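Dropping a structure here in structure tokens format, bear with me for questions.
When the chains are written out, they are named A, B and C in that same order, and each has its own residue count from 1.
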Amino acid sequence: MKRFFAVAFLIMRKDLRVETRSLELFLTTLFFAVSSVLVFAFGFVRNGRPVENAVAGILWIAIAFAGTLALGRTFERERYHDVLRSLLLAPVDRPAIYVGKLLGILTLLAAVEVVVVPLIALLFQAPLFRHPVLLFLLLLLGTLGFTAVGTLFGAMLVRARSRDVLLPVLLYPITIPVIIAGVRGTAVLLQPEMDLAIVRAWIGMLAFFDVVFITLSLWTFEPVMTE
Amino acid sequence: MMQRMFPPLIVLAMIFFVCAPVFIAWAPYESTMGLVQKIFYFHLPSWAAMFVAAIVCGIASVVFLFKGRVIADRIAVASAELAVVFGLIGLVSGPLWARKAWGVWWQWDARLTMALVLWMIFVAYLLLREYGGPGSEKLAAGVALFGMANVPFVYWSVNVWRTVHPTTNVVPTLVPGMRGALWWSLIGFLLLYALAMMARVRLEEQRATLERVYRELDD
Amino acid sequence: MASALLASSTTQGSPNFDRVVFVDVSKHFGRHRALAHVSLECGTGEVLGFLGGNGAGKSTLLALAATMLEPSGGHIRYGGRSAREQGSSLRGNIGLLGHEVQLYPELTARENLEFFAELYGLDQVGDRSSEALRHAGLSSRGDDLIGGFSRGMRQRVALERTLLHQPRLLLLDEPFTGLDEGASSALVERLEALKRDGRIIFLTTHDFEIAELVLDRAMLLRAGRLLPFSQTGESLRARYLDAMRSELKPGSAE
């Protein structure tokens, strides 16, 4: 058990170290997220103000798009020098590799969100930080759910053809509950009279989703990765 | 066994489908919607068949993923294709009915959204199998598993978000005359599903045999 | 210090085996048959070579031996037991040096080696990676990024990475490609030492001269099948040409 987490953290540290050398993924993902936000802004603004509830939608769609990009690029890197295979060759529990990669990508997306979320609050004058703890929980659990499924699918598709287009095709339908919960939860947070019960319900659902899908991913990682 | 059951089942299915229009015509008109309501006898059974197909695909995928039995993979792909077909019938018949009956083509309520998402997951499953290259059978099985696990979450979340679908209790509140026609159609569609499954699984077996022969060609 | 490192074994509970046996192994990817009905045996202290053109199935064979692929038919036994029975610890006894270098270009040579040492659960990670760099003749370049290395240098580091955990079964896919004279003879010596140490070595190569020096036995693959190949006689190249001739013109061999 200890070894499981040791391996997972080892892989996460390695991924972060590789990333900090070039910052390629962080910068490109961040820029892409910001561009998406701008595109949505032009799409959803009426009379100089964003359409009601658009802010929550813009935030979560930007996360979804940026997340897909980051996932695709991470595994493309693995594929390029076949290093994923060298991880699979090692005498480690395969699910530990999954957890390691998951934590690495989650950290990357968290770094992107640290910039993008305040930016959105600024651009749209949206009081996103009125309830910071709740917002943090929504973002954390939502991004985790999205990344959990995305990491599994990304790893799965490493050897497949047409992997670039297949990742979003597979990922988006499955992560619809995450997006719904994220958007609705955030929208409620933005209302002047926030209904705590509803936000709690969404947070609860996200937590449950995360538990179920991380468990499923841990179970299926090994069978799905063996050829 | 499957082979011998096939002809009598076809005959049975044909009887059902031939008689169905008669029963449907005999069924009483629904008070508010009139003739249009009769689409219902195709709409509901189509969705029922899709859900059966979805569940069969999900179970078969789990068996294939964790036990590696090839027959499970064949059943999974056959079921997925039928899920897409029956789902499509449901998705087309629904809006046709809704437009006439309630004036809107589509509504974002829990049931409809869940059905649509489930349908899309099976479309994604087929896209993966078709374009993913060799070895995508196992990957698709993983997608099917995740898709099935996803369904309760979609239902719950859209439910909390909106609730509009009006006909939650259609079957119990049906006038007795309607009930007969409905069950008849339902069984007809499920028979159709079973038949198509048999044919498709057999086709898949033959395709696999052909591939094996092709491979052994230069032995 | 080297012998102390050699003595300490750290992959916990890794069962060791004396023979690797392929029994009627086949592997296909969809319609493409990569390997067909291959049977072979190899024991400790032996270097088994695989010759054959591109696409003959050599890399697939190594990947199967490394448990990276599961056979479509037949089975593989390590000391009488299958990979499935032995679980993930079996991989601690196998080392694969593939076509792809499998190193992270954004990390230094030392960082790469230390990462893999830790991944394999080895102790004294720093010492081991220094030792490995010394073997590769790259001690001075240890803190340079792999991305800046030439193909030959990367190959040397990759080889050391494969040997870090002292695997019983060593699988080398064209290890001499990209090596210059000096590095080649160093590798030949290394293989001799490993042979004496009782390892089981599978090796694929295109280079007949080097193969002569290093191989105990050779097998010839073509389109996934093993061709009849005589183990005795003149040079490897001559036997190879013989085998290919009889394959291409069956019945006209003298």
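Here is the rule we use: contacts are C-beta pairs under 8 Å (C-beta built on N, C-alpha and C of every residue); 3 or more make two chains touch, one makes a residue touch a chain.
The structure displayed is predicted, hence computed values, not measured ones.
Here the chain at the heart of the structure, going by C-alpha means, is A. Of the two interfaces, B-C and A-B, the higher number of touching C-beta pairs belongs to A-B.
Greatest centre-to-centre distance from chain B is found for C, with centres as Cα means.
Chain A and chain C have Cα centroids lying 38 Å from one another.
With each centre defined as the average position of its C-alpha atoms, the distance from chain B to chain C rounds to 50 Å. Rounded to whole angstrom units, the spacing between the C-alpha centres of chain A and chain B is 32. Multi-chain contact residues of chain A (touching two or more other chains): 227. Contacts with at least two other chains are made by residues 133, 135 of chain B.
Per the touch definition, chain A reaches chain B in the complex via residues 149, 152-153, 156-157, 159-163, 166, 169-170, 173-174, 176-177, 180-181, 184, 198, 201-202, 205, 208-209, 212-213, 216, 220, 223-224, 227.
Touching chain A in their complex are the following residues of chain B: 65-66, 117, 120-121, 124, 127-128, 131-133, 135-136, 138-139, 141-143, 145-147, 149-150, 153-154, 156-158, 160-161.
Residues of chain A touching chain C in their complex: 3, 7, 10-11, 14, 17-18, 21-22, 81-83, 85-94, 226-227. Those residues of chain C that touch chain A in the complex are listed here as 11, 14, 66, 68-70, 88-92, 94, 96, 98-107, 111, 115-116, 118-121, 145.
Listed in rising order, the residues of chain B touching chain C in the complex are 133-135, 211, 214-216, 218-219.
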